[in-house]
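Chains: A, B and C, in written order; residue numbering restarts at 1 for each.
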Amino acid sequence: MSVHDKLKSLGISLPPVLPAAGAFAPAVQTGNLLFVSGHIARREGKPWVGQLGGTMTTEEGKQAARGIAIELLATLDSVAGLDRIARIVKAMVLVNSVPTFTEQHLVANGASEFFEEVLGPAGKHARSAFGVAQIPLGACVEIELVVELRPEGA
Amino acid sequence: MSVHDKLKSLGISLPPVLPAAGAFAPAVQTGNLLFVSGHIARREGKPWVGQLGGTMTTEEGKQAARGIAIELLATLDSVAGLDRIARIVKAMVLVNSVPTFTEQHLVANGASEFFEEVLGPAGKHARSAFGVAQIPLGACVEIELVVELRPEGA
Amino acid sequence: MSVHDKLKSLGISLPPVLPAAGAFAPAVQTGNLLFVSGHIARREGKPWVGQLGGTMTTEEGKQAARGIAIELLATLDSVAGLDRIARIVKAMVLVNSVPTFTEQHLVANGASEFFEEVLGPAGKHARSAFGVAQIPLGACVEIELVVELRPEGA
């Protein structure tokens, strides 16, 4: 099953890709690696503002991370095409955290489990997750990726 | 115009490269990728101490980020030569932030806009920017890079 | 001297590799680069909970970072074999910090100096170190790596 078919079977349609909130590219390819910019959590098209351990629960944070994973797929589709994803190599998951919140790994699972569900073994990645003091526009979660691409036309 | 000529036209001279503040290398090359260590903001040769949303404004943070971009170019010149930069692939921009400061992306633009000004399309990069609890020596901003190099003599 | 012999001469035996605390892989290889997941500090097999500048001193943090470096070598040995390490390319060192703690670089040296002691020049890496608001399970330090591998059988 293609990745597009898999997304359809899950009832997921990819959102439009938004312009970057700054002077940078959504992703840059070097060799067969694609470095994808940090994407922040959004809800109804606006930054999903919140802080884990404060205004948000772990379960809500996990949903936010899953939403970012969908936006990351939309970016991957627009810059390369979903069927060129050979492997999600690495994710960095930043969780907007009050100083006492220690479940960043559970929040990050919202994205990690989704990638594996949609991409199978190609979705299983190395990962770092940690709590940060703040995220642009007050978003609750931000995720960046390194992705290995198949050659075009392969 | 060479990168050196472009810098001259902007009235910018590259500072001397300082020794690393720890047991690490300023940059390490693997294949044609150069991983450049986090560089902290400096002013008059000393760490530029401050925290965004506390002791510093967004505009000052942006100037600090621009200053780091100049220091990163100095490191790139010393380890590889500016004319070997094929592409700034990715930047990670850490902003020393009070918990309520949410303009890390605007601070980061100080470096991102500078790279594009000096390097043109080769300066446009993927990026993550976020707020951290603290930075070594109390610096206000820290930036690391992944850079694609042209082969030597090319 | 092989890396295993060097570790033996230092009286260090590699610990068993623990399962990842989430839906991710301990490391993913792409080309000859290995992206290694963030490893948290452990003591007696449990997360080493603490915060620098609060419940822990810089010297204790440095010991924690050294312990993570040993765990990272255990992971490298299990996924690739220690003798295939061509170079530690980059380390990202996250230090669980109170807002006033500014010695993240000294904490990070605990890992950086160890890699150079055990691997020689191949252990000298690019690095970013910074203070984060919190780390999964409350751990005091977390480190991720990018490692260049020699081809198998080389």
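One rule holds in what follows: contacts are C-beta pairs under 8 Å (C-beta built on N, C-alpha and C of every residue); 3 or more make two chains touch, one makes a residue touch a chain.
Values in this document were obtained by computation on a predicted structure and should not be read as measured data.
Engineer: Write the angle of the rotation needed to overlay subunit B on subunit C, where the fit uses Cα atoms and the result is rounded to the nearest 5°.
Structural biologist: With C-alpha atoms aligned, the rotation comes to 120 degrees.
Engineer: Subunit A-subunit C contact: same residues or different, taking over half shared as same?
Structural biologist: At the contact between subunit A and subunit C, which are copies of one sequence, the residues are largely different (under half shared).
Engineer: Could you tell me the distance, in whole angstrom, between the mean C-alpha positions of subunit A and subunit C?
Structural biologist: That pair's centroid distance is 25 Å.
Engineer: What parts of subunit A, by residue number, touch at least two of the other chains?
Structural biologist: Touching at least two other chains: 31, 132-133.
Engineer: Quick one: which bits of subunit A touch subunit B in the complex? Just the residue numbers, please.
Structural biologist: Subunit A residues touching subunit B: 21-28, 30-31, 35-38, 51, 92, 94, 132-138, 142, 144.
Engineer: Could you pull out which subunit B residues touch subunit A in their complex?
Structural biologist: 31-33, 87, 89-91, 97-106, 108-109, 112-113, 116, 124-133, 146, 148
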